[in-house]
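Each of the next two complexes has subunit A plus one other chain: subunit B in the first, subunit C in the second.
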Partner chain A sequence: MKTNIQEIKDLSIGFKSQKGKQISILRNITTNIRKGETVGIVGESGSGKSTLALAMMGYIKHGLFTTGGECLFKSQNLLSLNNKELEDIRGRKIAMIPQNAGQALTPNLKIGYQIEEALRLHTDYSKTEREQKISELLNQVRLPSPKIMALRYPHELSGGQQQRVAVAMALAGNPELLLLDEPTTGLDVTTQAHVLELLKDIAKDTGTSMVYVSHDLGAIAQVCDRVIVMYAGEIVLEGPVRKILKEPIHPYTYGLLNSIPKLSLAGLPDSMPGSQPQPGNIENGCSFYDRCNFSNEKCKTQVPELEYLSEMDTSVRCFNHSEFISKTSEQKTKNHSQKEITIDEILDLKDVSISYAKQGIIDQFLNKVTDTNPTVKDINININKGETIALVGESGSGKSTILKSIAGLLKTKDGHIKFNKEKLLSSDLKKRNSDDLRSIQLIFQNPDESLNPNHTVEQILSQPLKLYFGLTGSKLKSSIAELLEKVRLGAFYMSRYPRQLSGGEKQRIAVARAFAARPDIILCDEVTSALDVSVQAAVLDLLQKLKEELGTTYVFVSHDLAVVKAISDRVAVLYQGRLCEIGPSKDVYQFPSHPYTEVLIGAVLEPDPDIKPKLVAEDIVEEKPPEIGCSFQGRCPRIIGDKCKNETPPWQFGDNGNAIRCHIDIEKLKIQQS
Partner chain B sequence: MENSKNIFNEKPKSSLAKALDIISTMVSKPSGFIGLTILVFHISLALTSPWFAPYDYKAINPSLMLNAPSSEFWFGTDSLGRDVFTRTILGGRTALTITFFGSIIALLWGGLLGIFCGLVGGRIDDIVMRIVDAFLSIPWILAMLLIVSLLGTTTEVLIPALGFFYGKGIVRVARAATHDVIAKDFIVSAKARGHSNLSIIWNEILPNVRDAILVEGAMRWSWMLLGFSSLSFLGFGVSPPTPDWGLMISNARGLMSFAWWAVIAPIVGLSSLIIGINLTADAFAKALGIDRSTKAPV
Partner chain C sequence: MFFLIFKRFVLGLITLFIVSLITFIGVEILPGDACTSYLEREAFGEALAACVKRLGLDVPAYERYLSWAFNVIQGDFGYSLSGQMQINEVLGPRVKNSLVLASAAIIIGIPLALILGIITALWRDRMPDIIISTVAIFSMTIPEFISATLLILIVAIWLEWLPGIVIVPTDVTFFELLPNIILPVIAIAMIMTAHMARMVRSSVIQVMASDYIQMAILKGVPYWKMVFKHVLPNALLPAINVVALTIAWLLGGVVVTEVVFNYPGLGRLVIESISNRDLPVVQALGIILASIYVSINFIADLLTLMLNPRLKTLQTRK
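Let's look at the complex of A and B:
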């Protein structure tokens, strides 16, 4: 057995409320980090995972304090050390990699200087040795031409490169323990896969122990040896990654895994009822009692202890884990009957291009458009009544831009958008009539931002009802109650403010507001990205049910390919504002024909340690699309030469109704990929 | 966060209950308590002083010139033999009234114009803000002196003139506060639904910037008081014999070396009122949660 590098014993952290009550955020955490091991801490937001990770380096946020237990690093209790002693440990022995490297790096200092600073503080190297070490570190994190890279400023690097620099800085002090707080959450799928690959290799090469905090079980599955699952400030399950992800013996972990949409499964995932209790709001008994399908009387009154099962090398906090194992079976999914798409066009985007370039004053005067290389170009999409079409792509692919121009929030440069076959939608919001505005509604990514914090739910929902239907008095009230009913919330929510609602409830209100206008088309902009997995599944389920009930058409934008697969009928893949592939999602996912679709789908991380992502292309990020030729020429693994660089690829049509834009013959692509 | 359970059962409060909540938060800190006490004291003094002033404020008595404080004349007498105590407790009335209404005018035009500029942006915003900047670059005292010497020193001139000059700064604050919320999706959502600008200002923006503008207005009030007193000091505010702190300081400053009481009393009156307003405005901002540095973690 390997030696423990860190031992956490019965650690509790909490704060005092204004009324003087003591409220716990972490409760009786006991665990060990062994030498050379990578441990994943997973949980939904508010489960206390970040607080635990910070405590591991002896840091407790302002206002919080330890209420019991200790955190031993090589038999030194970090929580009782003073700042001077901690300085010797942080950076040298324990290093941290933050979530957003773009914000963690000082914007006005060069990369090389920032790494040198870390070396100067944490090592005893001389000046020349340090300079050599900078190159070595940048090499180690696989950044091209380290000498040039060291002279750059953070803003000159892409998100993935910034994250690599943060890794290099953390490695500078040659730490024995590396803490990573959601290190890949803000990155694109392909970049994420590459960074995880790098971290895995570093762990192997240097023998550093790593603690990986994430809500993303896909990422955890790729890098971790052992997983700790947290719920409401407690460890509920701990064990080897395979055991946890393949045979979860705690009902929460089981539910969590089932609520993740996966590429390997069709249809919508199961959702978990309820939400995680707030700190200080935990009753007697098991904290998961309210949401558990396998609970009994005992769970209500007694708190289960963390129990170690030696035959599985797993610790579990559940009274019924032995019975529970036998009850779990294959993952169920609610199969949303993927209807045959009937051709009944409701929205037609023809040759749409959108440019963010500002016109000069003379061009404006002459009414001349000068931008020859607009952000979004040549978009042709027909959307049929009652279907869900998804736009996917990495950040900067123009998917949200297209959505905004459909809503009239952004002017198109060329092309037109036709509604209901004959009606041309003006690209200027002010010129659209009330009925056009009513027919197209938006749902946003983050309900915290899309709901006015100073309005009650009633005020929020009355806005569209008053505007479009002129409802007042009791009629308005009954309509609001009806809407709340529709999104599975009670009428008593009317008097609440958004801050009194959970994330999922807020998003339901946003959904209700969109449906209040009785729209024909709803534009969904990353509607589940800000939500926890278990809540995400419920919101997707709600959207699907409402669609079946009311026959609404969805235009769904997401970077999460598994979510898109679960909900969409058709999918359009975008790269740098140009269409790459469009077709029925079933077929696009099964036989990704376009090289970019192949790259994108290959990089998706599944919550299964045995399914590895396929990394076929480099994760370089391009600043802007190429002026001529194929938009994907810079990264394409199957590039065939000058043709790709000079000619815009033609549309090719596959057997399954999908169309791709590529110079390579579609049949040839299929053979190459298999 | 701590009493989430209670939060979920919380009934929407009436505006009166909300106001009481804010006041009780304000007085829970010593600085807020002191500020509010001073302010309430000054306002009630201004409202009631004519009824208990011991002497006539304009009664001149050459035989009582520059008497030191005594049991008869608590704060002494000035160069014309008038009772300084009487004149001090009456001296804040004009200043408070004029600046109070002046601040309301400043708040209204500054706040609304700022929100409007923040919302529409673009060319209109550019032009309006450059005009505001141009006005900001004119020393206010010069401009005020010009207006006052052209139009006279009546209340009808002073209130709108002060309201205009102190509203310029509020335009900037209101515009900045609007910029904070303008990019939020609830505004985009209202735009996409097709609400009019007026409806967006009234329903979506105003509730979110109201607090910032109110706090700014309270600060402006104290500055306006200083400004008004400076005008009086220069002889362009209220006309004698009306008692006014600025005027009293101006009249007695030459005699400061041997009749200090005639200067000290109005100075204490003016500065305590300004400190009171400032402390209250600070506490008000904190009670509304605008000062984020003192917010609890989590």
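Let's look at the complex of A and C:
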């Protein structure tokens, strides 16, 4: 048995509420991190996973305090050390890779300086040796031209590059334990897969122990040896990664795994009812009792202990785990009624291009169009009534830009958007009439920002009802109650403010507000990206049900290919503001497909340690689409030469019904990709 | 970057032009004109005619504006009515006095505000913060005419340490002025320092709570090193604009304090020339105060642009 590098004994961390009550965020955590091992800590937001990771460095956030237990790093309790002693351990023995490197790098200091600082603090290198080492480190994290990179400021790098710099900085002190706090959340799929690959290589080469904190079971499956599942500040399940992900013997993990949409399965995943209890709201009994489908009387009154099952090398906190052992985790999905979409066009985007370039005063005066290479170009999409069409692509692919144009928030440069076959939608919002505005509604990514924090739910929902239908008094009230019922919330939510709601509830209110206008089309901009997986499944389910009930058309923007597959009828894949592929969703996910679609599908991380991502293209970030030729020429793994660089590729049609914009003959693509 | 600076500069000039128009039009649409308001009851017959002739009020307004603006550009504001002397001569010593007062307040106030702001932020919610913040809030909320009067009462009347009001000719030398300005400077600096210290405090606290400071701590950067390298450069950047506004406010004459202490600065000149209905001086002051604001803000923008790497590279890249 390997020696432990860190031992956490009975650790509890909490804060004092305004009433002076002590509220726990972490409750009696006991676990070990072994030498050379990568441990994943999984949980939804608010489960205490980040607090635990920070405690492993002896860092407790302002306002929190330890209420018991210890964090032993090589039998030294980090929580009882003073700042001076901690400075010698942090960065040198234990290093942290933060969640959002863009915000975790000091903005006024150059990359090179920030890495050198770590070297100066934690190594005995001379100045020249340090400079040498900076280049080495930047090389090790696969950043191009390290010499130039070192002179850059953090904001001059892309998200993936910033994350790599953070990795380099953490490696500078040659630590024995690396803590990673959601290191790939917020990165594009291909970038995420590459960063994970890098971390795995580093773990293998240096033998560093790693603690990987994430809500993303897909990422955990790729890098971890062992997994700790946290719920409401407790460890509920702990064991080898294969056991946890393939035979989850705790009902929470079981439900969590089932709520993740997967590429290999069609249809919407099962959703878990309810949400995680707030700290301090945990009554007697099991903290998962409210949401558990397998609970009994005992669970309500008694708190289950973490029980170690030696035959599985797994610890579990559940009275009924033995019932689970026999159960195979076969995922059920609800097949949404794949009703045939009749060709009944509701929205027609023709030759749409959108430019962010500002016209100079003189050009404006001469009415001259200067931008020959707009952000979004040549978009042709017809959308049928009652259909869900998804726009997929990485950041910078122009998917949200197109959505804003349909909504009228951004002017188009060329082309037109036609509504209901005959009506041209003005690209100027002010020229659209009230009915046009009513027919197209938008749901935003982050309900925290899209709901006015000073309005009650009633005020939020009454606005569209007053504006479009002139409702007042009891009619208004009953309509609001009806809307709330539609999104599965009770009428008592009316008097609540957004801050009194959970993430999922807030997004339901945002959905209700969009439906209040009785729109024909709803534009969904990454509506589930800010939500936890178990909540995401419920919101997707709600959207699907509302659509079946009301026949609404969705334009669904997402970067998550699995989510898109679960909810959409048709998919349009975008790269750098140009369409690459469009077709029925079941066919887009099959080959032959556009090389970019292939890259995207390959990079998806499934929550299964045996399914590895296929990394076929570099994750370079292109600032601008190429002026001529194929938009994907810079990264295409199947590029066939000058033709791709000079000629705009033609549309080709596969036998499945999907259309691909590529120079390679579709039959050849089929052979290459099979 | 150069283009941006140039744009700022041109915008500043346009602002000044508009201010000059507004002051000119404002004076123009007042009932009566410079002569009637100056001569008051004697404003009839020959005296009025002579005055109108002397000030050139018989030519059309736009011509007067043009010749006035042309002279202003050359630095000539014309004649004041009351003293019948050149406005430049009236302004000169006043500007100097205001500068002395403002510089003294700036030299004492700004470093003090920075130090207090940083101390309160770093010792947040502990004794140093509680004491300093309480004092700061007090000196912010007490109106300056009360604090100034109290200062006079305690220091000048009870203790008899310093002169209570400034009774010196307008054109005294610097050293003669010095003992006189101590009390006004204290009165001004109290308010100014309190305001800026609070600003610096919240800015430092905000930066201390940021992800990159947590990262610096977790990287093992020693505390004071972290404060000077990671916290302050980022926290003090937004303070530049506040400092600039404060300086402009000081230079523009702290009207109330100057009146209470009878200090011969620009602020008191504003009050005097308004009550004397000396319209040419009011016009000249309008332009001068506007130029002070515009140029100080321009300098602050330049500084921010130079010190913030984010803005610097954004502009050069384009």
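Here is the rule we go by: the second predicted complex is superposed on the first by the 669 of 674 C-alpha atoms of A that agree within 3 Å, B and C clash if a C-alpha of one lies under 4 Å from a C-alpha of the other, contacts with A are read in each partner's own complex, and residues count from 1 in each chain.
Please note the rule applied: a residue touches a chain if its C-beta (ideal position, glycine included) is under 8 Å from a C-beta of that chain, and two chains touch if they have at least 3 such contacts.
Everything numeric here is computed off the predicted structure, so don't read it as measured data.
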Subunit C versus subunit B on the shared subunit A, clash or fit after superposition: clash
Which superposed partner A:125 touches (first subunit B, second subunit C, both, neither): neither
Touching partner for A:294 - first (subunit B), second (subunit C), both, neither: neither
Winner by number of subunit A residues touched, once subunit B and subunit C are compared: B
Which of subunit B and subunit C A:281 touches, first, second, both or neither: first
First, second, both or neither for A:156, with subunit B first and subunit C second: second
Partner chain in contact with A:105 - subunit B first, subunit C second, else both or neither: second
First, second, both or neither for A:62, with subunit B first and subunit C second: both
Partner chain(s) touched by A:463 [first = subunit B, second = subunit C, both, neither]: first
Touching partner for A:21 - first (subunit B), second (subunit C), both, neither: first
Interface residues of subunit A shared between complexes with subunit B and subunit C: 62
Residues on subunit B engaged by subunit A in the complex (per definition of touch): 1-5, 7-8, 10-12, 184-186, 188-195, 203-204, 207-208, 296-298
Complex contact set, residues of subunit C against subunit A: 209-223, 229-230, 233-234, 237, 308-310, 313
Contact set on subunit A toward subunit B in their complex: 15, 17-19, 21, 23, 25, 61-64, 278-281, 407-409, 429, 432, 434, 437, 440-442, 444-446, 449-456, 459, 463-464, 467-468, 495-497, 499-500, 513, 517
Subunit C-facing residues of subunit A, complex: 54, 57, 59, 62, 83, 86-92, 95-96, 98-100, 103-109, 117-118, 121-122, 153, 155-156, 166, 169, 173
